Amino acid sequence: MNFSYTILIPLIPLFVFLFVGILHTKLTPKIAGSIGVLGLSTTTLLSLYTAYKYFFEVGKVGEVYQTFIGAKTTWINFTDTLHIDMGVLLDPISIMMLVVVSFISLMVHIYSLGYMKGEAGFNRYYAFLSLFTFSMYGLVIATNIFQMYIFWELVGVSSFLLIGYYYDKPSAVAAAKKAFIVTRFADLGFLIGILILSYYAGTFDFQTLNDPQGAIILNGIGGSFMGLSVLTWALILMFMGGAGKSAMFPLHIWLPDAMEGPTPVSALIHAATMVVAGVYLVARMFPLYYFIDGGFVLQIVAYVGAFTALFAAIIACTQNDIKRVLAFSTMSQIGYMMLALGVSGYDGHEGLGYMASMFHLFTHAMFKALLFLGAGSVIHAVHSNLMKDMGGLRKYMPITNITFLIAALSISGFPFTSGFFSKDEILAAAFEQNKLLYFVGLFVAGLTAFYMFRIYFSIFWGKDRDYKHAPHESPLTMTIPLILLAILSIAPGYIHFSDFISADRTSFVAHLDFPLAITAVVTGLIGILVAFVFYKKESNIPERATKAFGAIYTWAYHKFYIDELYLFVTKKIIFNVVSASFAWFDKKVIDDGMIGIGNATINSSDKIKKLQSGKFQDYATWFVVGAIALVLYFLYKN
Amino acid sequence: MNLEMFLKMQNELLLVGLLLAVLIGEIITSQKSKVKLINVTIIGFALVTLIGFIYQPTQGSIFGGMFRTNALIQLLKNGLNVGVLIILMQSAGWLKESLVPQKKSAEFFMLMFSSVIGLNFMISSGDFLMFYVALELSTLPVAALASYNAYKRQSAEAGIKLILSATLASGLALFGISFLYGATGALYFDDMANLLQMSNLTILGLVFFFAGLSFKVSLVPFHFWTADVYEGSPINVTSYLSVISKGAAVFIMMFILFNVFKAFTSIWQPMLYGVAIATMFVGNLFALRQQNLKRFLAFSSVAQAGFMLLGILNGGVLGATSVVYFVLVYMFSNLGAFGVVQAISHKTGKENMKDYEGLYRTNPLLSLIMMLGLFSLAGIPPVAGFFGKFFLFTAAAGKGYYILVFIAVVNATISLYYYLKVIRAMFLRVSDNPIPYFKNDIFMKLGLASAAAGILVLGLYSPLFEYVQSISNLIFN
Amino acid sequence: MEQIIFYILAAIIIVFAIAAVNSRKILHAVIYLLFVLVAISGIYFLVNYNFLAALQLAIYAGGVIVLIIFSVMLTHNIDSKLDTASLTSKIIAGVLSIGGIATTLFAIYTYPFTSNDNFKGVEVSDVGFKMLSFERGGFVLPFEVISILLLAILIGAIVIAKGQHLIEEEHKQNQ
Amino acid sequence: MDILSLFVVAPIITVAALLFTKNLQQSRVVALIGSLVQFGMSINLIFAYLAERATGNTSIMVFTKSVVWFKSLNIRYDIGADGITVFMIILASLVVLAGVFISWKIKDLPKEFFISLIVLATGVYGFFISLDLFLMFLFFEVAVIPMYLLIGIWGSGPKEKSAMKLTIMLMGASALLLVGLLGLYFYSSPDGNYTFNILEIAKVNIPAQVQHYLFPVVFIGFAVIGALFPFHTWSPSGHASAPTAVSMLHAGVLMKLGGYGVFRVAMYLLPIGAKEWSWFFIILSVIGVVYGALSAIKQTDLKYINAYSSVSHLGLVLFALLMLNKTAWNGAILQSLSHGFMTALFFALIGMIYERAHTRDVRELGGLLKVIPFISVIYVIAGLASLGLPGFSGFVAEMTIFVGAFQNVDIFHRVATILGVTVIVITAVYILRVVGMMLMGPLKKEEYRDFPKATWYEKTGIFLMLIPIIIIGTTPLWISDIIMESIKPFIERML
Amino acid sequence: MISGISIYHILTLTTILFFIGVYGFITRKNLIAILISIELILNASAINFVIFNTYLYPDMLQGVYYSIFIVAIAAAESALAVSIIVSFYRMLASVDVKDTETLKY
């Protein structure tokens, strides 16, 4: 099977980006929008076609899913053996990601036609969307770690551009900067990890790296550093990159702020696709993570994931901005995925966590995108992000209401939604490996249900606010994606993911573990119930609850002051102390030092001017002194 | 004794002839035609210069070895002639407008020619007596010339300082020579070279002699007169002192050190080493803060003398080549700079750096020539000074004096600072009251043009250097 | 005998030299210089260089001293006393001179001069003959060159005086 | 006339032609024609080079020509090119061409401006093609001196001081350099047949003891112009005061002479010294990299920011050269090229902004994206390129350097490399700070609304810089392969 | 050759004479007085030449000739110096050293 056409999948959005980007002043919004949607539709079709071909026709040889290289070319040579290739790598997870990315992106493209209508930078927006899509494609189909890194950076910059879309809004600018710099910092780790890996493994190539029978895994080459093998360090550092992109604690601080971008962007980038890149990275390198040092790094992954899930969920309960709630929710859910990866084994059913993680990635992409788009629809209607400005909207926006509810149920793990299935697999995997993590996961599931329904009830129920003009349902361009996504928030649950995706590429059967499932469902329902009591109607219960939690609430409300801590380190220490002192040092010590040498020369010139006194008898004195001194010196020497 | 022998001193004889011709001309011409006499004299000198290039005297010595000549010496004489010619051309306007009314234009020529004759004899001299007489002949008329500017107190002051200091210096040199004579009983350079042996007395003689000669080259600490005399004298006298007289003195110093004091290499090399460092630093540090351009160039020429010592330190053919070559290059460079100062001072009476602000915008050509001259002095490529300095450094490095070379290049950098100060004034600054545009007479133009041409051609056109190189071994005989 | 004469001459030279550089009356200084010069010619007589001694007397005592006296007359009031240098500069000069003397004498006394005794005295004709010889050991060239020097000095001296004249004229015109 | 000598002759002819021009219109057209010809020649050169290599010419240098100049000292006009030279020349000719466009409306003394500019270019071309150390040194100084006039006459701010500081520091460096070159000369032959020719000196094994002394001298001599910490201080003030085109040439081309010289002379001729001293200079260069970037964070003058950024970026060049392996060297050359185009572009943009706003203080600017979108967008692109975004040249260069640097196993090199890598974050901080403050956000002053849009010549200048950045950034393979091929003989000496 | 007097004695004399001249040159505050000191210096050298000739190299007359030339040149020198000094005097009515200090630094 020749998959070389897959090269078109990233190239089409790139072309759209260049075309729209260069001509963005010339094109009308309509044309630009249509080009974008058209391009994305094509790639979506291509992705689906590829997925079909791969999963159902050619992908499986024997019991094992094969890796196909759709296209590959050398991009640059570093040494005789090290080189970066650009290519298309097709295997189950990359194809799954292709599908997710193209579908969500297409939805967002369509949705934005309505949502962004009339915006001044409409064309720019579509150009950036295409750029992002291109970069994301490049990331998922990367054949080697360096290609991934390249597109990793590119998605970062697209994210930066889209967050800063409202560039005259200082908060948006700040958020964009923050997002870029924080992820960049994480990428520092990623890059160093790559450097270590490349040196000791001698290759960037995923296939060579991940080969469980390969030299790298079997021999675990390289020395050790501080008690861990260098490859472990490399993997930890690479995970740092992934954690940055996926907003894992403590590199998560950029994600809530990133909500300054247009809502569809949040849906696409900061909910469904880019933020799961970290998960994808770990999944992509899973054999390495699993086999090197007996999965030491995976434990880190699991704990970081679990902690983030809990941490973000707690904060989500306290936020008032619906997009921020969703952002923390996203963090929490990605934490789930990390947790799942972290507890996963490798062979067959052992790899349940891996499968669950990918599964959850998929379903989460759908329902979280839906949540965001729904929230966007609401925001579009009431022109505010804050819950206090919303209420009783179910009457005005029925479609939004229904779809949002579906998504909320799905994320809460309500039975028969896709979220139910995927979350259940995760909990099951965690249960098998580590009970502590399981209970954390379970608790988070409850919290998730609570805060989701907290916002759901606040938005769609309760009493009307005094809207300036009556809210109305969004246009078709916006509701159609909502409906499609709503369907996909339920349907995928019935796909047997374990047939397609597994750590060792062989199918296995994953059963629903009923005791666990019921526990989870009950926990979720409790959450929903609490939210129902608290927020279905205006009441003072939430305030009382707030009071009851006291300091914890305040801490959570302020996101545990992590932002402030970062701000302190960056602004106060790096900016005002380090950088300022460097600037001072440069000006006062180095520059003035060099000038000082010059001035000293000039001053010394002034000091000795008295020698030239104008009295020729003094000159004669010097003359004779000089002569006699020379004589004496040489007489002495002789 | 025959004609051919006399032809070995053709240069000196021609100059004496010219001097007498001027004397006669001065007597027989009326006051009105004095201006013409100036033109004729300059043309006459140009002819002498030309003849020097055309007829190469045969190598050899006459008067029992008192007078020697060879291609290298003749080259230097020709060079000096060209330099003097440029100076004369640059001073033609001044002569005509200032000196003719004072009725002392012809005397200027006579004094200058006699000094040139002195220099010529000096570099041709083959014994210490001849050397001493020639040295005095070259110095004393210049003292008269220095105090030539009757309107200026500084000029008289310069004359007094020059003649008294010079006498002291020659007295010290004489004292040294007397001991050398006492130690060997010889006055001829070649005899002396064979007879000299290391002893306290001869070291003393060497140092005293060296000090006396250093006076003429303006080496620290024997240089103090330089700045005062340069500043007070008429500009053409200053340029004569800084270029012609110094060039000849450096050459003869090198000759004597190489030949007569060959056995004393271990003495004079460290001596030159120290003196070179002191000279460069003192010259540069003083030049840094000068405002008067003549004084400025005076200190710059002190520093340049320090650079020349680097070549002498080499003690071999390469050293001789680089020194002779540098002397020629330096001559053109300095004359370019001095010519501009002369032109401006003559037309406007301004000599301070501040007056030069905005000069480029009113007198671009003059500024450019000045820039060429200064760049050449600073050793900036592609003008000749770069090559001159580079070869000097090469010569010094060839003997392993890397640290000295480094010090020298650092000094070249310091010197660049103050040369750039002049360029800053001319090019960077804009003045409310700039020197207005003026036209130069034809002689001045010729003088400046030939200096500029020399600066441009001497470096890039290598055959000249090659020629110097090919005859430089003549320094050893 | 000669020894005693030499010591007397040496004493005259040194004493009057010191007097010449210390006298506060310029005319006295000139006369002291004259004594020194005469004493030096005495030394020349002592070593039998009569011609040189005569020359010394004629040119120095007769020429230079007269010249200096004239210039003193032109420029000084007879009674005027000269400024003296400050004590520091005297001390510096004194130390320097003594240092110089010490250094030089050290160099001289460490040098083994071997006297040559076959001295026969000089005839004036010998001097003249050598003076005009152009062979090795002859001095005709410097002799000629010094004539140019004298010419140049002559011109120089005249021209400097000439310039002054003009200034005075202009000065008058201005008045 | 051979293909390389033309690069010296063509600018000289241009200068000669410029002498006869009378006003701005004439002189800029002449300058434009001249620099277009040079650009054309440089493009021709790369094809000629590839063709020459295709014929199987594997000598280290091609297009060599040797004319005896000063016979007795064996100083020769020796020129030649390898792949690195070719790219450097392309860089220079492009920046000069862009500089002419950017200076299209130069006000004061246009003729003299263009003459100085082209003279500078002559020096740069000459430096790159020289195989003779004397010639190299000569052209080096020829390139430095016009800077004085260019900054001093057409600059802004404390221009006289900056110009003086720059010139004196660079010439001070050449003092060291000269000593080093003379040392090389006198050790170039055991039997007195001294030579300045690089290729011939390379055949001689200079004693280790000598290399020990010569290497730091030569290295510092060149590295000062490459803004080696702590000798970089001429650069920020020089940049800040220089007129736009001069900043472009200065940062874009002139500062490249340092790295190039280090590579060609210090590394090639003194390999033992290089190995011995590399640890020391690695420390300095890493300090320069991090320090430059951190200093840039706090600056408020746009040009200062870029100047410090140059210190940082060029620190990487030296850093890479000191890593003494093929990959890192390849990265160093790429970084030289990349930085050349990027900074030139930056300075061009800063110049345009300054021309409109009459200030370069970021605190006074804001929201420019609204009023001058084209310039602002390019500024963002340049910024992204500078912070090493894939798709632009900076990424390729930096990654090559880092991968190369990481080939050294010991802990010292590792730590140095990791410290060096942190620059990617710091760079992002200061670049985004500027982008955020100056381009984004609300419009700071109402009068900014009247800013004229970018003119055609400004746009041309911009694209001349931008296109190579993208070409290198997207298709680095052929470039890096050519460079790699040319590095081989040099690295072989090192091993 | 003076019997009983070695060359060292005479050289001591001339050395002292020379440095007395130097002392005078440095300390006198009057230009003409300085001229006088110069004569001492030149004479010291001249005696040296004569004495070396007499004591060491009596068969050649070089030292004597040298001193003849020294005398001649000294005379010429003082003539010129006097001329310059006198012209200076006519300009400033002074022959003091302190009036020759305008050019400095």
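Residue numbering begins at 1 within each chain, and the chains themselves are lettered A, B, C, D and E in the order written.
Assume a contact is a pair of C-beta atoms (placed from the backbone, for glycine too) under 8 Å apart; a residue touches a chain by one contact, two chains touch by 3 or more.
Because the structure is a prediction, the values reported are computed rather than measured.
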| item | value |
| --- | --- |
| Intersection of the contact lists for chain A and chain C | B, E |
| Chain pair showing more contacts of the two, A-E and A-D | A-D |
| Chain closest to the middle [Cα centroid of all protein chains] | D |
| Most distant chain from chain D by Cα centroid | C |
| Most distant chain from chain A, judged by the mean position of its C-alpha atoms | C |
| Chain B and chain D, separation of their C-alpha mean positions in angstrom | 42 |
| Inter-chain centre distance, chain B versus chain E - centres from mean C-alpha coordinates, in Å | 27 |
| Whole-Å separation of chain centres (CA-atom averages), chain D against chain E | 65 |
| Multi-partner residues of chain A (each touching 2 or more other chains) | 598, 609, 612, 614, 616-617, 620-621, 624-625, 631, 635 |
| Multi-chain contact sites of chain C, meaning residues that touch two or more partners | 89, 92-93, 96, 100, 103-104, 106-108, 113, 137, 139, 142, 146, 149, 153, 156-157, 160, 163-164, 167 |
| Sequence positions of chain D contacting 2 or more other chains | 168 |
| Interchain contacts, given as pairs of chains that touch | A-B, A-C, A-D, A-E, B-C, B-D, B-E, C-E |
| Touching residues (chain side chain C, partner chain E) in the complex | 2-3, 6, 10, 13-14, 17-18, 20-22, 26, 29-30, 33, 36-37, 40, 43-44, 46-49, 52, 55-56, 59-60, 63-64, 67-68, 70-72, 74-76, 82-85, 89-90, 92-94, 96-98, 100-101, 104-105, 108-109, 113-120, 122, 126-127, 130-131, 137, 139, 142, 146, 149-150, 153, 156-157, 160-161, 163-164, 167 |
| For the chain A and chain B complex, residues of the former touching the latter | 598, 601-602, 604-606, 608-609, 611-612, 614, 616, 618-620, 622-627, 630-631, 634-635, 637-638 |
| Chain C contact footprint on chain E (complex, rising order) | 1-13, 15-24, 26-30, 32-33, 35-37, 39-40, 43, 46-47, 50-51, 54-62, 64-65, 67-69, 71-80, 82-87, 89-91, 95-96, 98 |
| Parts of chain C lying in touch with chain A, wherever the complex brings them together | 89, 92-93, 96, 99-100, 103, 106-107 |
| Residue numbers on chain B that touch chain C, as the complex places them | 1, 16, 19, 62-67, 101-104, 107-108, 110-111, 114-115, 117-118, 121, 129-130, 133-134, 136-137, 140-141, 143-145, 147-148, 150-151, 159, 179, 182-183, 188, 199-201, 203-204 |
